[in-house]
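Naming follows writing order (A, B, C, D and E), and every chain is counted from residue 1.
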């Protein structure tokens, strides 16, 4: 993980408190066990986590060269941050609703949900899973029955208590939830039972070694008050007045304008110094979709923090006086996909040729992110336990001649799939969501491809919803989409299993296993490795399986990468703690991937 | 009056145009109906000039337009050459238009500002006449000459380059190029200066002779109407009050309204003794809700009960002199002979 | 008359609602795609259930009839995306857009009427030429460019006003005023130009009327003539233009609300279209149509109040 | 000079000399950009609007003005000047198409109903009310999304269709006034067919006013294209339009303001010129009509 | 509102000694337009005594309305140039400031306009229109003004004056409106009233009533009135003196009876002869005036009427005849060959012999269209 605290102009005025907090965060990353101050935390019994630290230790500071990570060591002061202060956060989009099981949510929305709800499990800085609202979990041998214990004495905002029955009640709601139903299906969950006051037993229909990952995702991992599911009206109301156990309670919500949250005085968690969380009295979220005005709002003091997933905004934020920047670039990577059922993309030579002609460095520059984000070659960043050097080596690098040769080969092929005469140029269509930086990046590909003299390129723009509508295949396999080449954002810090199952399954499978396989590329052998990876919790084993899959895919090239996605949370000077939040056991949490801030442990540094 | 009746109509066959019980009404905002013309009858002999005179709002222009079905009257008949124009189909009426032509009050507005004079005058020919350009040009030139416009000078000019009088000449040329039988002149001189007015009146007289026209001359100026007409019908609020030969009417007005008009008409002669009586009640009632009985009774010094209850009918008060009044200013002649003798007007 | 107007109003709204319904249904992309997470889209049963729940499986005419039946009772359905009632969403956002539009109109009239009057009074003079030139320049600046400029100057440089967001009147009056100024100005400037021109040209023709001459011949002061005699007859076109501009203004608020992150109706409509939130599109569109038709009916009434000649006819 | 030049050119010169200085300049500006739009293809290859020098190591992104690139380069290191010139083509095509659409359909429709009146008028004006009551944005988004393509033709057509009601209203009001003139009654009196009257008497008299309106509405259209671009709904990049250029350069506003400034200036100059010339034309038409 | 004014101060001071209420000397007014200078009034002088009525007669374009507005300083626009002198009650109007004029307007000098439909503000109630200047000039209270308004409306014979005050102009008929306009003009008891074609827009019966009303008020109030009209019939019985204007000049001026009894100027004569009368037999051939009114931007040299005059002689085309008295009765005319003189007769014979079109038309009763002939002659000249 690549966590960076950037300060500009005022870095020297950082207080000791802040320095200490940063220390904790970095230290935890490398050595999780020693510094754990929490005696109350029971180590999780899940087997997914333990080995992870070994493979991913010491997040190499591959951050842009100017990063000045303060490294003054072990002068942790006796007290942590103090309570008090307010924050207002500019988000790049409004949440459609604040119901984890129901509402479509992306990173700006998770900023809000995470403030209201606690998840059963959270990720450590290294990406492994640790208990959060749960205390522990264990599975049987074939990973079909999981027994979880909940943290005692946790109360919801409305005063009701968290019990095993709460989780059972939640399952009723989950089964009809637009978001949760999918997770239930892919996690093979079929039954939830209260086997004690605080003990819950999950029954699965088949082996799922990474079930904890599912419980750490918002749709079924976030815990909401049982009263929510009482009737339809309550469910509807919960969209804007959610009730969780989280650090903040929704005070008022004016959709598209602001959502005001105030401190939950009964929050169960305290920091390692014993200060009850959260530090802030209130946090207000403002959706400000326009990148420029969001940064202007921060610069002019209209808000005290903002998040962004655009390199250009990071660049501009770095140039703005008086801001603290919390940057992150994890497994998120930009890229795209070919619809391999449509000529000429059905020929691997064309796909590989086009990718070889592409230039990641230039694309990153066009996105405004020179020196901000890095080229990528696969779904995983180099720090990920699943990262493969072999795939990285196999992924084509920018080479006009080699790329042209591949396309030329196709063009000269008398059996070329697009039915055109030998020697005629191929025509391709590339589409991205209509965002200025993505459009700039598209045009780089276009010029490079056309520079070969072998390709005619048409650019179009579709927002994500339209694209999904065009690309989603009918379950009976009669329809495989009308799309051509489309921009996509790949990867996340979550466990890769779920996404890969539906994303690379057989699109023609009547059961709909590969409905989300928008590229329509299916390789039986490769997919076999993906399925196999859900049967074990051994990370190395899984990494090896994903590598095998990846090596097949890098030959077929149904998808491509255009560079990592850098993200940032920028704050007004003095508002910190976003990268240093802790798990209940005192170890460092995963930070803020995709600019999802955990506002429970953000604080104003004392003057 | 102003009343109804057809006593003044002449035997069928004598008249080139005869109008019977013409009614024109049109709706206005608020669900009301303007009763512009309420059952009038009159006739015109071939070669005759009929003057329609009355104050604004009396329905004289509406009557003129109703004659050529622009728009068609609400009810009543308009016979032209024994054909009832109101019964013709739109297309058949359109074909008839060549025989009945009209000239309008505002000479400038009645010419399309964006077209050249040559085109304007040739337009009727484009619709009906020879399509041959040379023939058209010859006809247009002849007609422009006849109205006193030099075709060589005027042909390629646009209306705004001409004075009002000249525009009226052009518009007369246009209306005559199809050699109509009847020319309806709707206030053709009221927008012109007095010095030009005389030119146009003279021109109309000349053209009438030259082309053997039958004229219907609509105007509010009594002197102008008298000058050009053989027979004059006085209108008031959608009705005809009095019909007579023009000299007879002006010498012996039988209807109080006619007399009022004559008295009010300014004479350029300081020796004429003016009626200085202060009549302030003299205002035209609304055509939406006209008075009962005789429509003039609200302003008539002679009005009594019968005037409000009964509508006066046309009766003969002198030779070819008819009036619709309960109290005509000249004695009613003996009951008209069964077979009246008509004099050439 | 009133009945006829009402019939026409209802007919217009019906047609608008039907056309919207049709168009929204023609849009490529299924709202379900936006609603269901990728992982769940292969769960046919689940998708079907959702389709059924939102009535997406009925024929279009049936769906329209159902919608219309509910709409008459004030129920405009639920957003497919947020499952919030559409009517509630509209009512919640209406005050914001309405305030924005009203303040923008107010701003522009407040500036345009005196300016247009002055310009007409000094027709051909340097003052008139300057005002006309300024009006043309301000008409030439797109409102989003102006908005960016205003944010830069007043929010970033001077820090007098907030760059984004909205404070409701019920929360804080001063906050509300602060948050309305910049967006309303961005909307108003072009309107100022249009209205100034309208007032000027109407005023010029009014000043040529005989009754202005006769008012002067009565010895009245110029200022009195301008404001007590000339202004009212010169405002008739203005009233019509303002009424017609309400439609354009709602279009304009889409951009301005997006730029200034204001939770108004325009922004919601834009989002709804992008999200295929068809009941939301439907609801807002019909609502906007109702507002538009109502305002133009109001304009007619104001017309009547201003011009007694029309009052008589109706 | 007069003898060997065709009369319409002489008329144009005469009209041009009669303009006030500012209007002359505006006309000059409009002529220049129209020529630029027509001959955009002939600008030197070096200034290819889609040439991204940085890909081939010759140029820098977001560069300021230089001898090579008079107005600098944008975020894709393309020459701003040549993109402006190409953008002229888009903005003017949208404006011209919309104006042509509006003038033709709206003008004819309005003239027609203004002349025939009656039920047809009521029906057509009612449907125009419906279009006006309909949020234009919804129509635009729907059509653009429905067609899937955002090329010049689609954008121009949509904007054109949206313009029709306004033209129809303007031309109807004028046709009403023209139809009341006596030359129309005179034409009917000579038995001219309604269609002929419409084409020969009414429309020629309505059109000058509609054309004056068209110039001003062209200005509105140019701004509208910019607004659409701001919402990401105008022509598809890499085709440059001024609005698209402003929108694309907005992301890099803080490091290079010129790619925003130049197209904004083009927009402002052009809109100003269209308004100015339109006003002049309108006043001139009004004077002429009043004189008649 | 900002016409340029040049005051002929020498004459102005000379004339202040006269006892006349209004003394106008050598008044010129022109309008600058693109095509040139429109010379609307070209040197008009006259005087008017208290309680007298002066009729100003002329066709459109003769300058009669401009003359009235120039005296009142009511011409609008930047393009108006007025010079000469107009002394009212010893005060030089052309040298007065606008605010001085504003105190005179409506107060001392009032005006009734041609069209009562347009000269009342359609959006303002009648009551306010009648009283606003009363309150302004006389400082009357609202109630006083209202009482005065009711009196005035009674005076001008408007029935139910109280309720009419609340009416809008469109609710009244044309005659009523003109009565209101007269009431407005009379409200401050002016000493001079301009009536600019006050009845042209009205029907003949109403015209008669309005003229009677104006006459009566003028006599009762001993007010001076200038009645402007194109209709000789209107002024015939109702004025003390008549001034005939043609192309910005006064061509003949005389006491009313004298004018009609002995027309001296060919234009006056032609004008009268071209008007049809109810006393003439039907189909009486009218003596139309040949040609059309002159172009005021480039008026003909010499006598402006010369191109249309049947008696025209070379002298007429070269020298402008002065307006001069022919006898002691105050009858003045501007003609080298006044009608009724032997010189006139001789000129006519000469022209007849030369077959001058306008002369022929008079002689032959206008069988030939003179306008056409003239136009042809003009084109001929142009070609040469």
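Keep in mind that, in the parts below, a residue touches a chain if its C-beta (ideal position, glycine included) is under 8 Å from a C-beta of that chain, and two chains touch if they have at least 3 such contacts.
From a predicted model like this one, the values you see are computed outputs, not experimental measurements.
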Given subunit A and subunit C, the chains that contact each of them: D
Farthest-lying chain, centroid of Cα atoms versus that of subunit E: A
CA centroid of subunit B to CA centroid of subunit E, Å: 32
Intercentroid distance (Cα basis), subunit D paired with subunit C, Å: 24
Chain centre separation (subunit D, subunit E; CA means) in Å: 51
Centroid spacing, where centroids are CA-atom means, of subunit A and subunit E in whole angstrom: 92
Shared-contact residues (touching 2 or more other chains) in subunit A: 292, 466
Per-residue overlap in subunit C, given as positions that touch at least 2 other chains: 28-29, 148, 258, 274, 312
Complex contact set, residues of subunit D against subunit C: 22, 126-127, 129-130, 132-139, 141-142, 145-146, 148, 219, 223, 226-227, 230-231, 243, 246, 250, 253, 264, 267-272, 275-276, 279
Subunit E partner contacts - residues on subunit C that touch it in the complex: 124, 207-211, 213-222, 224, 228-229, 232-233, 306-309, 312
Interfacial residue positions of subunit D with respect to subunit B in the complex: 181-183, 185-193, 196, 200-201, 204-205, 289, 291-292
Parts of subunit B lying in touch with subunit D, wherever the complex brings them together: 65, 68, 70, 94-98, 101-106, 108-115, 123-124, 127-128, 159-160, 171, 174-175, 178
Parts of subunit E lying in touch with subunit B, wherever the complex brings them together: 59-60, 157-159, 173, 175-176, 179, 203-209, 211-213, 215-216, 230-234, 236-238, 256-257, 260, 270-272, 274-289, 292-293, 366-367, 369, 371-372, 375-376, 379
